[in-house]
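Please read the structure below before turning to the comments.
Chain lettering (A, B and C) follows the sequence in which the chains are written, and residue indices restart at 1 in each chain.
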Amino acid sequence: MVDLTQVAENEAFMAFASYATIILSKMMFMSTATAFQRLTKKVFVNPEDCAHFGKGENAKKYLRTDDRVERVRRAHLNDLENIVPFLGIGLLYSLSGPDVSTALLHFRLFVGSRIYHTIAYLTPLPQPNRALAFFVGYGVTFSMAYNLLKNRLYL
Amino acid sequence: MVDLTQVAENEAFMAFASYATIILSKMMFMSTATAFQRLTKKVFVNPEDCAHFGKGENAKKYLRTDDRVERVRRAHLNDLENIVPFLGIGLLYSLSGPDVSTALLHFRLFVGSRIYHTIAYLTPLPQPNRALAFFVGYGVTFSMAYNLLKNRLYL
Amino acid sequence: MVDLTQVAENEAFMAFASYATIILSKMMFMSTATAFQRLTKKVFVNPEDCAHFGKGENAKKYLRTDDRVERVRRAHLNDLENIVPFLGIGLLYSLSGPDVSTALLHFRLFVGSRIYHTIAYLTPLPQPNRALAFFVGYGVTFSMAYNLLKNRLYL
């Protein structure tokens, strides 16, 4: 067995595990938010999803798009585009022996900025709220990537 | 060198590696499914993709959308939205020293539910087949996240 | 603490970390490319994004789609669909004790093919440039998955 007490004592990795789990759970709530919007607004994309509300021509009227649903889906896709690099780069960064307080600063800023991004997208708040939230998360990820490549490039 | 026999003896991690590889390979088949539908139905989104079938105005008629192609793409995106959290949370969970048989149950349920989800989406099967498949995978991932955060939160 | 000198001496893992960071950074540039196209072409999808350019009806004319913007977004989504399996499978593969030069060949081919894919998509180059780039990356990922499952399947 791997000596798991070793991993459990690596604070940067433990912090990464906690923050990654939190932000992934938040991202998963976007699926429920989309489903909730679709059901309350009766806006569907698959004929089998609205079979319950009527048959044939009667059901077809629910096959439509809706601004509100599309907004949630865009926020979800933006999450995916930004959380995937954070997961990959953050995992490697947390294993590269960073200073723990610097690592915590990175993880906290990222998670905070992504939560604010979702709030700014779904409310919606006027720009540049969403743009700023996006660039904070983006900058944090690049900062970790820069640290990784500076210290331990192996090509 | 890391003593890889150590990692190879961590059964929960080995199980995660196997199931993650299987479900990622399944997800990759969605790309080929989209390409196959596009080529057999001659439904393209980029002008350069159908240059082979005709020049100028003659080629433009292939730049269209098709229900069948969009269905495969939606199934693919849904995979991505759900497999990314499974990868992140599952990796951390498998390293957190879970009971091996509990971990195996989680991984098997997730992989089974995602394969069933794809079948239900592409056939398509009537609801609530797809919804149930989705929620099984969703619940499994949250269960792992809950275990992680309960035992080893480090914020 | 985990003995990080151990990880740092695992050459296959270090190589994976470097290539994964590079390809994720490339993927992140796609977000900026989309934002750049949206701002220079004044093509927006959210009303709050173009509030700056005019009020009410005057702003609505910027809520439109544009071929160029959609092309960048498709390239970004294709990246996501292919880089996620590479991250998951590549990480597990790099920890499975592969021959270092074989591993390097896989990582280099993948990163090279994805960069070429983006160039082929955005220029755009005539087919089959993009299709070939796609299939090289796809084949590399399957080759790693095959190696993983052949040697250490645990179900």
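Assume contacts are C-beta pairs under 8 Å (C-beta built on N, C-alpha and C of every residue); 3 or more make two chains touch, one makes a residue touch a chain.
All figures in this text were calculated on a predicted structure; none of them were measured in a lab.
For the two copies, chain A and chain B, the CA superposition rotation is 120 degrees, given to the nearest 5.
Although chain B and chain C carry the same sequence, what matters here is overlap: shared residue numbers make up under half of all numbers found at their interface.
Measuring from the averaged C-alpha position of chain B to that of chain C gives a distance of 16 Å. Chain C has residues 7, 77, 80, 84, 87, 91 in contact with two or more other chains.
Across the complex, chain A meets chain C through its residues 6-7, 9-10, 13, 71, 74, 77, 80-82, 84-85, 87-89, 91-92, 95-97, 124-127, 130, 134, 138, 141-142, 145, 148-149, 152-155.
Across the complex, chain B is touched by residues 1-4, 7-8, 11, 14-15, 17-22, 24-25, 27-28, 30-31, 45-46, 48-49, 51-52, 76-77, 80, 83-84, 87, 91 of chain A.
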